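Dropping the structures in below, format is structure tokens.
In what comes next, chain A is part of two complexes: it sits with chain B in the first one and with chain C in the second one.
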Partner chain A sequence: MSETAKENIKIVKHATCTFCGCVCDDMELTVDMDAHKITKAKNACVLGRAWFAEHVIEDRPAAMVDGKEVSIEEAVEEAAQTLVKARFPITYGLSDTTCEAQRQAVAITDIIHGTVDTTTSVCHGPSGLAFQGVGESTMTLGEVKNRADFIIYWGGNPAEAHPRHFTRYSVTPKGMFTPNGKKDRTVVLVDVRKTSTAPVADIVIRVKPGKDFELLWALRALVKGKKVADNIEAITGVSMDTLTDLVERMKNCRYGVFFFGMGLTMTRGRHFNSGALLALATDLNEFTHFVAKPVRGHGNVTGADNVVSWQTGYPFGVNFNLGYPRFNPGEFTTVDTLSRGDADAALIIASDPASNFPKAAIEHLHKIPVITLDTKETHTSKLAHVAFTTATYGINTGGTVYRMDDVPITLRPAFDSPFPTDEEILTAIRKRAHELMLAKSGLGAAGGGGTQKVAAPRKE
Partner chain B sequence: MSLKLTLHTSPDVPLEAPCLNPDTLAGMTADIVAAQKVMHGNQAASVGDFFKVAGKANGTLELEGDLSRVKYIGAGMQSGILNVTGNVGQHLGAGMSGGDIRVDGDAGDWVAPEMRGGRVTITGNAGHLVGGAPRGSAIGMLGGEIIIHGNVRNETGHAMRNGLIAVGGTSGDFTGVNMLAGTIIVLGDMGNRSGAGMQRGSIVSMNPAEMLPTFTHACVYRPEFLRLLLLHIRSAGLPVNDDHIEGAYDRWCGDVVEVNRGEILLLNGA
Partner chain C sequence: MSSSLRIVNGKVHDPANGIDGEIRDIYISDGRIVDASPEDAVSIDASGMVIMPGGVDIHCHIAGPKVNLARKLQPEDHRRDPHPGTPYTRSGSGGTVPSTFATGYRYSTLGYTTAMEAAVTPIGARHTLEELHDTPVIDKGFYVLLGNNIFLQNLLKEGRRDEFKQAVAWWVNSTKAFTTKLVNPGGDEPWKGKKNANVEDIDEKSTETGLSPRDIIQAFVETVNELGLPHPPHIHCNNLGHSGNYKTTLETMKTAGDLRAHIAHIQFHSYGGERGKNPTSAAREIIEYVNSHPNISCDVGQVMFGKSTIMTADAPLAYLLRGFKKGKWVNADTECESGCGIVPFSYQEHVFMHTLQWAIGLELFLMSEDPWRVLLSTDHPNGGSFMSYPKLIRLLMDREFRIEEMKKVNQKALDKTSLRDLKREYTLNEIAIITRAGPARVLSLRNKGHLGAGADADITIYDEQEDKEAMFNAPRYVIKSGKSIIHNHEFVGDHIGKLLHSTPAFDTDIEQIVQPFFEDYYSIEFANYAVSDQYLHDHEVIAGIKTL
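Coming up: the complex of A and B.
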């Protein structure tokens, strides 16, 4: 006790962990203000503890151009000039930053007539397509906690990816209509292998790899009372008895939930897999209440979907080349614009495509000017023309993030960072890009103040 | 002499050129054609920046060069002839309602989405969503013919409502997905999940195919309409042989999750 008294310790209550899409907002952080370290994160899961404990202030310049340290103003100028010059600039990433920063990124893309896309396009983007094609029967996680008595996890492993999902929302918590917690719920896991989620589940169904669509389609037919092929077990690896039992349980539950992961969206069939599951949830509403929700990965990827939808009308893969938003995944999604060699400049925010994109896409990233905003050095920031180091959201900066069920949550930062926030950098780039675009179209002066010059007459 | 446009400068980024169709350029001289506006990424440019223009428009438009970055060629076309020597980019013949497009080369994704009439012939391969519906639209092609000599990728004829798509090579997954009506003929292999969610319409293949559990085998027969269609696509240059025309076909009905009025016909004994 005497040791802690000597130190400059700060306790942050109700802090938010932005590591995964659960965005748990009940953290109690113990912060050593002298060492700029979080020494304890009460309530955090194993992932959250690592997220807080391993956070350090990087010893890097705040801004670099071609690997050389420059002032932030110079870097902003260079970034804005690069983006305004480009004919097919792309904006990508956004899932690990605040909604306030995402908003600025969409505004920049609009101003420079570029293409905005988020990491959604390489995770639950197919679900986004399926929502548009099929529709979504949705809920909040609070509803699940209080009402759901039948939970199906499909193609995901929350025990390892979202450890507190079970205890906060879906399996053990005691809710208004689930007073006995786990005893009031049936948990089903559908996956290709027995993952560490399996011990939590009452029923584990192992589907043959790549046969999720067939299984979902057969379930849809059975729910509708239609016949399915006799060789269903040979096709999917799941017996007809198991299927009919599952269908009966689904139809007779009080409140059923599908949580689905990238086992559906990133395997063969993609948006049709998600679509089949959403359609099954819709079909089941003829018998009982059934909802479906993707289990999202990055801390604020749901916010990215929300902000891009709110500002453009579409969730990801949005192009402004003609001055108005157009949505077309496959044409305007980042993997495609890079692999085809369409993009001629890239603004990458809080993401590292150079570490996980296909080879052709990474090769193209090496050929074009790239601007990165990240808290750490990444493969992408290493190849960047302009690289900004920014403060970490949730730990060093406040703002808003969205939980995986589209509920906005406010951040309570633990301590300050010497680096600017994503929002500050992006706002500066936006202002400068706006001035440059006005100058280009003959409406303002490139020397500065273009924004004000145009705004003033409007007020009068 | 017809109007001929030869690519002299390849676009660095996608070029959107819906004006490259015989209707829009009808009656224009070479100078006026060269001044037509196109979008080079987010910047306006003119046809002459990329193409050498020769001749005068008389209803036939000839394009030459690697146009794989040029989008919306022949979009909205209503009449006339468009011949392309070289590859074309995405959205070829988008929403066209008449006329004839022939591409000696490969085509990108979305060949003739929401087509209403006319004919598109591709001698090479085509990408995803041939004759399909754009994202957010419930209905794909409404009429006309798409003849592809090579292979196509996924979602061929996605949500198509009428018309014919004939493929000489193979097709990817989800051929005829959510199809409302119309006909798709694939002479080679089809990928998996053909006809998923189909309501009506016919999907035909000359090779065995993996069937969804929601399709049921109905019978083996020799459909009369198919002979006529096969003779028709043979005359268009696809490799249809006598076995295809004389053969019997397995008829599978589906999709049972929808109205179960669609059919998949697979050549019996193939």
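Coming up: the complex of A and C.
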């Protein structure tokens, strides 16, 4: 028995873990092909090991309408009809699926004149707004490994959220100009409490909660040689000596890096905080080379930002009601379209807003037809009108994901899933929705075509 | 739909086949131009119209990591210029950095059917290919940035020229690129590693590698010519934008000897005067060299007044420009491969420098003796959007219009140029050369830029008009690969277009030499680096040419 099992063991090298934004692509997966299970994930961190080990093929229908199993074709038809009928349909999620699926999702939203938004609007959305305001000096993670001698983590706890960040990219790796690894680097942590990242840091600075902006602005002033009021310690909890020491270190390093997290973006000040940090990094380039990078959470949230940007010009919160993209966070972001009660249908992809959105938004989700694509049963799929079960990206499907530093990586699936991919379902919905929209405008039978349809030139 | 078309009664400009404004019929079958009229052909009456091959843009920035950063950076640029969808086409947003769909459709609304993205980091190739797949109608390709590649420089430093050649070929294959691109060769290491410095002299040796920019340029020119890529190294010279840089540009061209080389946006490299002081025009010195050296081709990189976006792998240049207004700025370092800078910008008539740049570009066009090698570009969106090509064409074709435009600009700057004395007006055939036939020839695109039998049926039909800007702004018909895309000014279809790339032969042993470097200094797995065929949508391998 053990012999037959051995024959059915497959090793997948250079596989990618899509659990977090580190998108480590050096996994070596041992796959029990009979049991449809990954039995070992070499090189994975504690989060990655759980991601691979806990993945099982669920015993549930591939498609359901109102809780009853239907064929995939019927569910696609119902989803397309629902979306085309709606006056203010919204598309949301997208950060845990492939770019190929994301491209189809934005296409659907464009065709039905809906609103597309991603989980960026509830995590690093403020960093996206700050980026639009001040720009960003940034880098790929390999530059940190090769060059950085001064690293500041601000408002993030990679020890728990991105466990391999230190060893793969930023603290211990030996690079081209950092041959001694950690010995060549100084690491600073700025946070409101001593997190489990603190032991890695050479300097820990505790800022009073909600005072990040004030601290960043004081640093900007000091970098520019301006005077800072003596009561800065009373305001921020950080002494003037600590500040001036930090400023000297920043100005005199060779290649400095800020990594910042949601402790900065989702606390008081939001995009002002991110903007102040990005501006500080920019200012420091007058003295040395300095870069900054938001540390992103979901496996392909960076891909979602990229896809929505290249297709529409804007990163998230994009509305097509007028037949072209408009961007207005606060108006077209999903918490807002739901809480206000604007949305009259929702296409939710690889996300579970019913488990973590504000109460008013969840209540509204219960009132409107919801279409979900997810690998597992979720709070949102349970309330859905149409629910698809899809294959898990990176484990059962190929495709592309973008690491937090915009580096795209191709996935190597471990084993097949009986369920279709997000891309397949969304492509089918996109084609059907396009046919229905053409029929609605009197331009073609609802039975044929698709977006590749080309009209014949009129005869003169 | 019918796959056959017959275009009758139009005035044909097909300079590659020696046809200059003759009334001729053009026949199309299965996406190609054919000699005889197919039986089931649908007719288009082109009476009073001008027929040209579809336009070919040899140098623009339309897809990939830096372009997408510039898109994200500027909601204000998109907001005032939406691009509505149609029942057949996707919507998007415009501005100087349009969304991918808007880019493809807008190129086609100008009669362009091919465009080459001019600067892509190897690690960003996959991203670029995804965006190009979403850039409709046009055929497209990209040039891969190798001029600041640390591994390649290490091989050069060690004198391993054959391995260098194999590695260059490996990189072109691994990224699905069209040819190689050099940007400010040797300038990245001072920028990233020495507190934002830059290299200033083409013969300045790097302390790390012992290589000068000239060493790098020479190695690439020789290697790419040996490999016979369809287009020679596409070179963005050192010292872009600096007064006195024309000397660097001349030295760069001399370094090529009599081998093929393409100088990108040469206008930005044609400045006289002393570094740090106001520039003068060195258009004459530059164009005389180009005129007398048939191995050199260039695109002009014309500056057009109005909004632009500076986006370049020349990161120190972008930082310098950022210094003027201290506005928003993006810097993006790519491990082992490149730098990148982005700055929103606008060229203004009253500014001395901007007028000088505008006038130098026009001088270069008007003093060019060989339109086949001095090609139209604005280095979109650096000198201005590709949407300003019709106005640029009018500036070249219509001296009266040029005189009117000259009245609006900084007169002191204009005095420093010879623009007032240049009486030349481009003919329609010369425009067809600098926008179609010439770029196709310099890119070795044998099936593009002409209307002979066997050519791709990429065709533009314009109403003949006195106002050349109006004429080139709105072709009445655009046909791509034999499909009607624009018919009577309306979009009637969609088309994905194909990727154009080259596949030079190489010795696969080179992978064993590259791999250890990857394991030490890159942050992704070597096995996950090369771009697989799944990222090729419809594609065509462009055969190389042997020149050595």
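The rule is simple: the second predicted complex is superposed on the first by the 440 of 460 C-alpha atoms of A that agree within 3 Å, B and C clash if a C-alpha of one lies under 4 Å from a C-alpha of the other, contacts with A are read in each partner's own complex, and residues count from 1 in each chain.
The rule is simple: contacts are C-beta pairs under 8 Å (C-beta built on N, C-alpha and C of every residue); 3 or more make two chains touch, one makes a residue touch a chain.
These numbers come from a predicted model, not from an experiment.
Applying the stated contact rule after C-alpha superposition, one finds that A:Ala35 touches neither chain B nor chain C.
Contacts of A:Gln132 after superposition on the shared chain: both chain B and chain C are touched. Legend: residue contacts after superposition of the two complexes on their common chain; A:Ile235 is shown touching chain B, with no touch to chain C. By the touch criterion defined above, A:Glu331 reaches chain B but does not reach chain C.
In the superposition on chain A, A:Ala50 makes contact with neither chain B nor chain C. The wider contact with chain A, measured as residues touched, comes from C rather than the other of chain B and chain C. By the touch criterion stated above, A:Phe320 is placed in contact with chain B and with chain C alike. Touch criterion met: A:Tyr169 reaches chain C, while chain B stays clear of it.
Of the residues of chain A, those at positions 132-133, 320, 322, 327 touch chain B in one of the two structures and chain C in the other. Chain A contributes residues 86-89, 112-114, 129, 132-133, 213-214, 217-218, 220-221, 224, 226-229, 231-232, 235-236, 268-269, 272, 279, 320-322, 327-331, 342-344 to its touches with chain B in the complex. For chain B in complex with chain A, the touching residues are 12-14, 16, 39-43, 69, 90, 109-110, 128-129, 134-136, 173-174, 177, 192-193, 196, 211-216, 255-257, 260. Residue ranges on chain A touching chain C, taken from their complex, read 13-14, 16, 25-26, 99, 103, 107, 110-111, 128, 131-143, 145-147, 168-169, 175-177, 254-255, 282, 285, 287-289, 291, 305-307, 309-315, 320, 322-327, 398, 400, 402-403, 406-410, 437-438, 441, 443, 451-460. On the side of chain C, the complex with chain A involves touching residues 1-2, 5, 42-45, 63, 65, 67-68, 71-75, 78-79, 82-85, 87-88, 90-93, 95, 97-102, 123-124, 126-127, 130-131, 134, 150, 191-193, 195-196, 319, 328-336, 342, 483-484, 487-488, 492-496, 520-525, 527-528, 532, 534.
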